[in-house]
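Remarks on the structure that follows.
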Amino acid sequence: MTAPDWLERNWGRWGADDERGALNYITPEVLCRAAQLVRRGKLYNLGMKVEADAPRTPNRLPTIRTTRFRTSRDGRAGGDDYVTLNTHGATHVDSLAHVWWAGRLYNGHDAERYVNGFDGARRNGIEKQGGFATRGVLLDVAGHRGVAYLSHGTLLSGNDLDAVARAQGVEVRPGDALIIRTGWIRGWHETRDRYLVDQPGIGEAALPYLHEKQVAAVAADNMAVEAWDPNRVAHLHAPLIRGLGLMLVELLDLEAMAADRAWESLFVAAPLRITGALGSPLNPLALT
Amino acid sequence: MTAPDWLERNWGRWGADDERGALNYITPEVLCRAAQLVRRGKLYNLGMKVEADAPRTPNRLPTIRTTRFRTSRDGRAGGDDYVTLNTHGATHVDSLAHVWWAGRLYNGHDAERYVNGFDGARRNGIEKQGGFATRGVLLDVAGHRGVAYLSHGTLLSGNDLDAVARAQGVEVRPGDALIIRTGWIRGWHETRDRYLVDQPGIGEAALPYLHEKQVAAVAADNMAVEAWDPNRVAHLHAPLIRGLGLMLVELLDLEAMAADRAWESLFVAAPLRITGALGSPLNPLALT
Amino acid sequence: MTAPDWLERNWGRWGADDERGALNYITPEVLCRAAQLVRRGKLYNLGMKVEADAPRTPNRLPTIRTTRFRTSRDGRAGGDDYVTLNTHGATHVDSLAHVWWAGRLYNGHDAERYVNGFDGARRNGIEKQGGFATRGVLLDVAGHRGVAYLSHGTLLSGNDLDAVARAQGVEVRPGDALIIRTGWIRGWHETRDRYLVDQPGIGEAALPYLHEKQVAAVAADNMAVEAWDPNRVAHLHAPLIRGLGLMLVELLDLEAMAADRAWESLFVAAPLRITGALGSPLNPLALT
Amino acid sequence: MTAPDWLERNWGRWGADDERGALNYITPEVLCRAAQLVRRGKLYNLGMKVEADAPRTPNRLPTIRTTRFRTSRDGRAGGDDYVTLNTHGATHVDSLAHVWWAGRLYNGHDAERYVNGFDGARRNGIEKQGGFATRGVLLDVAGHRGVAYLSHGTLLSGNDLDAVARAQGVEVRPGDALIIRTGWIRGWHETRDRYLVDQPGIGEAALPYLHEKQVAAVAADNMAVEAWDPNRVAHLHAPLIRGLGLMLVELLDLEAMAADRAWESLFVAAPLRITGALGSPLNPLALT
């Protein structure tokens, strides 16, 4: 288990009632400067397709979409769809109620009191965080290392991330959304059976870096931002979400953006405001 | 029925294979200029909460969200949710496959061939349009007329919209997302029983305006962008979507934005890329 | 709260591992004798239609059914449906994991250990009880009292039930499924707004009767078998399910059966074997 | 394609409005005699568990079950579940609206008029057939041939079925539910990859037998009752359902029943009365 102080690192930092965590780092100035980065007029859809065959953990079943339509005698026709999906299937963002520890959510909110299967989370639910937009800094770790994807079980430290940033000539600043490319998404297509095992990602040694840099969000093209250790599944989620109040955005498709070396962008995340949800499916955008 | 030429007005304009319609008006220049509008660093969530009690048409049943979680003996806990929802419930965007007429979708794609309940729409599905960002122009019609909300059955013409734009001192330009405030969303809370009847919105006389202005999208705080005529439900959807290839964004919450008189913004819509879907739930953002 | 001894009345009666409760009263002899009651060759569907507008508690949202189909060029066509429904919506049976108290399910199984949102109930789930068939004894309380439906808040005691049985000339025996008609289902159509308030049903004074008669199941045409006290919602569920291990079957349509005065029948309940579910939608049958 | 006369063989036989088809063969006498078969007092659940890992065709996604519960301060607790499932996933019954041909459902009802994705089937939907109970005749073809399961692609003819009936000493009579054991369900566990390919089952040469014997329903432990020919998927469904109006019950677990050589039983099927559905999940019971 992570050292206990990490598990409530940012509690109280933005007031006892706060439910937005590190999004508070995104000041109006940060947002305005980020918008200035849109100089080419290009938009990247970073969300993967939402369909039965999308990457997801095995216990999050495929999205079901059923389309219904009706045709009138005069030729007019139209329809809609129902979808049943997991809020953490395919590309998604974790809410600050996604994980807890010792009965406490981020900022000390009482899980026993505020979370149940009927209401979902009455504190820290995804509708409390809502959409956010800030500077996105793509760290193409796989590209930097000259590999298609990082090898199994790679644990990225703060130094590792810093090395990529330096090589790319970008500086990480408060309020940034860090976007980490491991290349691992290719593993879904090439090695589906092994996909969930030993995913590369950030390790415990990245915590101080993320904290000191005061990033608002961390996005990645793997399943959990952190490396996937089958024996300690998502064990860094507690310090990241509960302790730091960080937004984690997972299962992104970063291939086109990396090919363009789009290191800096206006990163926009607009989770559905599902009352009480522990996360939301998402199509994050990067504008350059 | 609308004059037939409106029903295929923009077909072929962007090539025979096009599935993005009026989004093609958003050139890189349009996007870059729109990003320059972010000067205050403020973000508006224009999506309503996604929950059982959200505005929707009666035949689109409430969103079901079920949260599940698990607690380990060492105190670690976490969960996720399943949601079942209609792609046109609460705030949403219509895909260019939402309606058709005489067996043809926007741009002439064959509905019988490309749409069925198993696959959804294999042409013009929402994943083909994807996210978009452009200049948002809020036309606060209710505010302009000094009423809480437009009276029942109000049909807005191009002249009506133009009058608001002039009064607000804004000019509508190619590629813009027009954001029309009728104030009607208050009707959901005040007069729920009548909510669906005689909603104010754009009428047939707005078609030439929208076409000539070359707008990319029309968003509104009512159910269908167009006025809701119970005898001809959504009859303008055919010229708007099938003919002009316009993105319609519906059921927005524009109250905060209007209170700030945020006439111009960077409007961002990031529909989930649900393969084959006729629309997507959405949390549109406006950045100023 | 019911006297504590009622809350674990039948624990251990059928062994420490039992997950079938009072269904154990249905011996092979009971089933064989019940089958002999089929003399007219008539079958009653006691399940209500499963649709958006079916009776249910407000926090159990309507069933969503979406039908999808496909047509081939040679004229062959066909389809299926997806349904999203609550296991306790419309006519259903409660599993022996539906309620618990002080962390214990029926027969003492540990709720904290065996129930979570991912797995459902790993003890006492509906698949552990499965289908059952036994003698059904219809007690038409409303008919006996000469009213369309029992008045609001009526609490039925053992004596009340016994009086109806005597008047109808039937004797309740071990293993029987008691089928109680309050007439209340008419309230759904006549007084929907009041439907959930003060429903008539069995009261605490019926517990000894049900226990001594050794019935296997209690079915009724109201929402919860027991009377619905808004201040103590379903407070008898704990002694009935957790204590006695009784199967409760709710929201039946008994009108045709009562019109035929079909006091005795072969009652058949075949819940879907949904692994871990706290109940199942059901179409109970009565054969006479 | 099957000879055209098979495709409307029983149309009009039970009146122009009929929506119950071969269930009409189950007269009160048939039901009464079937009930007399309950002599041992044993009940078989023939439904497979409804869960993510249940047999189903690939385009029918796994059942999603989410359990939700709430605990009060006084220790009272309880919950329910939502399930999203395909009406033809796991063990199920096809409604008489499951397939059609040349725009006509069983008994000539107009598919274009009566079936759409919003309403489902307004003719022949599963709620129109409802529950049924009749004599079940188990034909253990695999057991008769001394194999664990019939070899791939086996097509059973009327003579094949007759041979099994003779060997077992049972006679098939009007109104019976024929229950065919291929043993194939073992294939799900042993050879999942091949499961859907070349399933054994009844072939075209069984049609006259089923018709002349006037059976009401055919149940089997394979996917589609008929053999599964990947090049002509479910091509006998049209003569069986549309032509003969037969109830098909699929994906049963017949292992325990066959081990007991329970050739005759009271077979009970109680589909959920889902308005407009093309089928229903089911837990069929056999009582002996």
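Going by the order they are written in, the chains are A, B, C and D; count residues from 1 in each one.
The working rule: a contact is a pair of C-beta atoms (placed from the backbone, for glycine too) under 8 Å apart; a residue touches a chain by one contact, two chains touch by 3 or more.
These numbers come from a predicted model, not from an experiment.
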| message | Shared numbers divided by all numbers used: is that above or below half for chain B and chain D, i.e. same or different? | response | same
| Fitting the CA atoms of chain A to chain D, what rotation angle results, rounded to the nearest 5 degrees? | 180
| field | Contact-richer chain pair [C-D vs B-C] | value | C-D
| query | What whole-number Å value describes the gap between the mean CA coordinates of chain B and chain C? | reply | 45
| What is the distance in Å between the mean C-alpha positions of chain C and chain D? | 26
| request: List, in ascending order, every residue of chain D touching at least 2 other chains. | output: 64, 66-69, 79, 82, 84, 116-118
| request: Give every residue of chain D touching chain B within the complex, in rising order. | output: 59, 64, 66-68, 82, 84, 117-118
| Which part of chain A faces chain B closely enough to touch in the complex? | 1, 27-32, 35-36, 38-43, 45, 47-51, 60, 63, 65-69, 74-88, 98-103, 111, 115-117, 119-121, 127, 130-133, 234-235, 237-238, 266, 268, 270-279, 281-285, 287
